[in-house]
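Two complexes come next, and they have one chain in common, chain A, joined by chain B in the first and chain C in the second.
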Partner chain A sequence: MPAFRHAHLLDIASLDREDVLHILDTGEAFFGVSRRPVRKVPTLRGKTVINLFYEASTRTRTSFEIAGKRLSADMVNMSVSTSSVKKGESLYDTCKTLEAMHPDVVVIRHASSGAAAYVASKLDCGVINAGDGMHAHPSQALLDAFTIRRHRGTLEGLKVAICGDVAHSRVARSNCRLLRLFGCDVHIAGPRTLVPPHFAEAFDVEVHDSLAPALEGADVVMCLRIQRERLGEALLPSLREYSRVFGVGPKQLAMAKEDAIVMHPGPMNRGVEIDPAVADGPQSVVLDQVEAGVAVRMALLYLLAGEAGAAPEAA
Partner chain B sequence: MLVLRGGLVIDPAHELETQADVVLEEGRVVAVEPSFDAPADATVRDVSGCWLVPGLIDLRTHLREPGQEYKEDLASGLAAAAAGGFGAVCAMPGTSPVNDTRAVTDLIVSRARALGGVRVWPFAAITKGLAGRELTEMHELREAGAVGVTDDLHPVTDAGLLRRALEYARTFDLVVMQHCEEPNLARGAQMHEGVHSTRLGLSGWPREAEEAAVARDVRVAELTGAHLHVAHVSSRGAVALIRDAKARGVRVTADVTPHHLTFTDEAVLGYDTMAKVLPPLREASDRDALREGLEDGTLDCIATDHAPHTALEKDCEFDAAAVGMTGLELALPMVCALVEAGVLSRRRAIAALTTGPAGVLGKTSSVRGGDALTVVDPAHGWTVRPEALRSKSHNTPLLGREVRGAARMTFVEGRLVFDREAEAAPDPHSPPEARA
Partner chain C sequence: MSEVLLDADAVGRAIRRIASEIVEATRGAESVALVGVRRGGVGLSERLAAAIREAEGREVPVGTVDIALYRDDAATALPDPKIGPSVVPFDPHGRDVVLVDDVLQTGRTIRAAIDCLMDFGRPRRVWLAVLLDRGGRELPIAADFVGKTVEVPAGAKVAVEIGGAPSDEDAAIIE
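Now for the complex of A and B:
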């Protein structure tokens, strides 16, 4: 397998199709590890990965942690609520401190858009962006692509509906970027308060004021989490009205292809953006996404920290 | 006697643009002649290729003293101004404490006078503490030397209060300068709202946040007959609103910064905090409208908005970064580049840095009979490095870049306050050497 040509994973915009396929194929090679009786390979033995999380996160942090542990890397979690930010340390100083500890990869989540790129510019090791503000969440888009490819056999030319709060969503931005790389027909549906005016132009996607045109004939339906704090910002009058207009239930899902898959990056608000009957229904691949997340993140850690040329299977 | 030989004299007040020798005695222009026959004891400097213009005036400078001397102080800021060709700068009141009382105005004026170089014409606050509630004692502030009032980067958003401020300022013939922003349309904003902000995931400042405020403020100014100055216009719609207001006869003036005339929001790509300014850099269509507005006189002047910040305040996450960039030493290279590229006429560019701001302040500006003179070398190439700058701060997207254009000499009230050949400004406490 050729060496990965990037030192960091900061966003999807810096990847091309070959890079994406390289990551997904590497993920496939690791996928089986999590289903073995002994779910550990020595690939990254002696490597140190720091999970630097400035925002509360259970799912992503755990997923990276398990991915690293299954590769035998030494995983260190730094949750910043318990650490330096409370003492007023700048991100610059935190970077310099971390650098002195010689990690191989730093996985960062931060509330500021661009924070991962900033950290990468200061550190001498690989940096994985695990979500920066509203900007990007590339590992989520990659695990979504991994899941879609497993279920549809391809990423090429699919119709994908993304429903909900794209304005504040780094997941939506990264997914739009990735899906457009593969010529997918991406349709956004949501109230105008949650879809910025320049979104269609910025990401070359279609924007709709209702679910129907987005869902009709879709191969993939992605629901995004509605955050309750949006109510206080006059972006939504009520969750009730949101779910009546933009919630995806069985009736709405019926507009998509019969074998369409339903995705959600989690955590879900059941009964708001997604009806429980859909979330738990046969078309839901929500838990497959979680499983794919570990494989894809193993691939990312391996590609950024692994020995060049060593095949993942050799592990 | 000092003879500056062979330069191009540009004197917008007299609509003069001619090759001539400029003769100074005691640092003041006494003659402008096509070919001056210098006496044997005169010092003659060849300034061919240079432009001899009235001392530049900056309408918006953040000198940071008192209170934020770690970013800039009067000594460093005025040294930067002199090196940038400015003979006078208007200090913004957003200091700590705010310039909202005579004591602070006195302090700034007397400190600047003691430094003896570039003159400081302070703007005082419109409201106490820039808090947008109570008016300042404008009569007393004017007596102390304030040339106008502004709440700096805090717009007066209460239309009723703005009306009273304009009326009261008019009583004492003070210009009211507004940073035009409807804050509810720019909440949390980090850059211009558009395709780039959407891609970068940064909250946007739509141009309408500026235009809504300009539209309203111009109407309130019309109601009062007072002189409103719109600071740092950045959007195409605001240019159109000001053009319309001027056509109706409203007493409105406006400035634009060299960076809004030069850059677009693409400068932010890669989260470059050096390009984070208020108002934000907008799109090419806005930049073009600003250039057109400056050329046709809708915009009266170029103001630097010099906003020094330390490296630490820019070396951080984008939304934590301070807003603003330095400008005193970069205005000339940026403006020279626009002239060189044919974007701006030389005549308008110089007027926008001299008679333009003077007119906003009710002052005059000229080479002949003026009290400041700047020799601009438009071809002087230099690299924007921290060591090349007199300002304490180096927050500019031009850092590291090669530029062309700089002041060669700056004379203020009979003193040579900057001389590039001498490589450093003379000690302001020593007797002026220019008294040749």
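Now for the complex of A and C:
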């Protein structure tokens, strides 16, 4: 296996199959570390990772923080409410300030699509996109792929249903890109108002107006969060109406394969996009996704925090 | 130009001798567990376990450690392309753990392997068994059980072929 050839992780579109498999295989090596008595290895001792979060996030930020700590990196959290951004500092100036502190990796989440790429162009260190606007959330797609591969044994040629608000979902976009790399048959089900026009052509997936054709025979069912803050935009008549047509409950899940797995990137709206009986049911792998997230993010920090090009010596 | 240091017969004899030395040193191998250092030490650890079973009728647990994450050059030599799993299927606490590797040279691998092992628990004592001690130490580390000691120039490559079961291919060769 050659060395990882990317300085940043900005989106799935810049990765190929080999890159994805490299990250997932590295993640497998880290998976066991979190289940040991001492859940820490000294690998990134002396490296500094900054979590720069311009949007609220609990699980992604915590997941990166735990991943970095288990690799012995020094993790620094910057959240918008306590930072000088509130005082009007531009993203450019924040970058320059951070750069002067010599981090090895910056993990950024921002409400604007393209923010991570902008930061990567300004900073002389590795940048991981932890979600930028509606563009991409590559570490989520990678941890989803990791979870799918663990449960199905492969990523090749699976039928995957992605249900819900695709329009506002960077998770859906990154997942579509990744799954198509492995020839998955990706089916989107959502109300017309929440699926952008030309989505099918842009991502080479099938789009449906109802759940049934997407769920029929699916190996994997991904539910997306209905972003309640979007309700004001008149895209949905009501949560109840949405839940009745697009909510995944036991009856809907029965259309998928008997051993299909159900995924949700969290946080869940129980009883809206996913029925509690499904969320807590035997086919749900929601908590496996959380555990996979730490392993995959350890792999990403490990692959990006190194001094690229320096080949390891023989033992 | 290659020189055979140990052929298949010599490897077999070395394994039987090391196994009996381990039994001797640990008074019957009652609390012994073997841990092979990936990847060269894995086959040898299985062979030693088989030899102890044959001699003593005792089953000793076997684990493996991968030292990629514990290397002292981990931060500068990244990204190491391949990391294997560390599997220690027993509690090292209170045990005599024998680290097993094929070749001992600088001692850096063993330093890392000790650190990795300690993260799984606190053994009573850690021993070191190697098939070949080729000299060239860069750390104060010594093996307790050695198949063969031979001074090999630092630049020369030593190839060891040793699987989990005896084979005619077993050998240690200077390439």
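For this structure, a couple of remarks:
Throughout what follows, the second predicted complex is superposed on the first by the 305 of 315 C-alpha atoms of A that agree within 3 Å, B and C clash if a C-alpha of one lies under 4 Å from a C-alpha of the other, contacts with A are read in each partner's own complex, and residues count from 1 in each chain.
Heads up, the rule we're going with is that a contact is a pair of C-beta atoms (placed from the backbone, for glycine too) under 8 Å apart; a residue touches a chain by one contact, two chains touch by 3 or more.
Values in this document were obtained by computation on a predicted structure and should not be read as measured data.
Legend: residue contacts after superposition of the two complexes on their common chain; A:29 is shown touching chain C, with no touch to chain B.
Contact with neither chain B nor chain C is seen for A:21 once the two complexes are overlaid on the shared chain.
Set side by side, chain B and chain C differ in how many residues of chain A they touch, and the one touching more is C. Using the contact criterion defined above for the overlaid structures, shared-chain residue A:115 touches chain B, although it does not reach chain C. When both complexes are overlaid on chain A, the residue A:231 reaches neither chain B nor chain C. Once the two complexes are overlaid on the shared chain, A:40 sits against chain C while remaining clear of chain B.
Residues 190, 193-202, 204, 270-271, 312, 315-320 of chain B are the ones touching chain A in the complex.
Those residues of chain A that touch chain C in the complex are listed here as 1-4, 22, 26, 28-30, 32-33, 36-38, 40-47, 71, 302-303, 305-308, 310-313, 315. Interface residues of chain C, counted against chain A in their complex, comprise 66-71, 73-87, 105, 108-109, 115-116, 118-121.
Those residues of chain A lying in contact with chain B across their complex are 13, 90-92, 110, 112-115, 117-118, 132-136, 170, 173, 196-199, 201-203.
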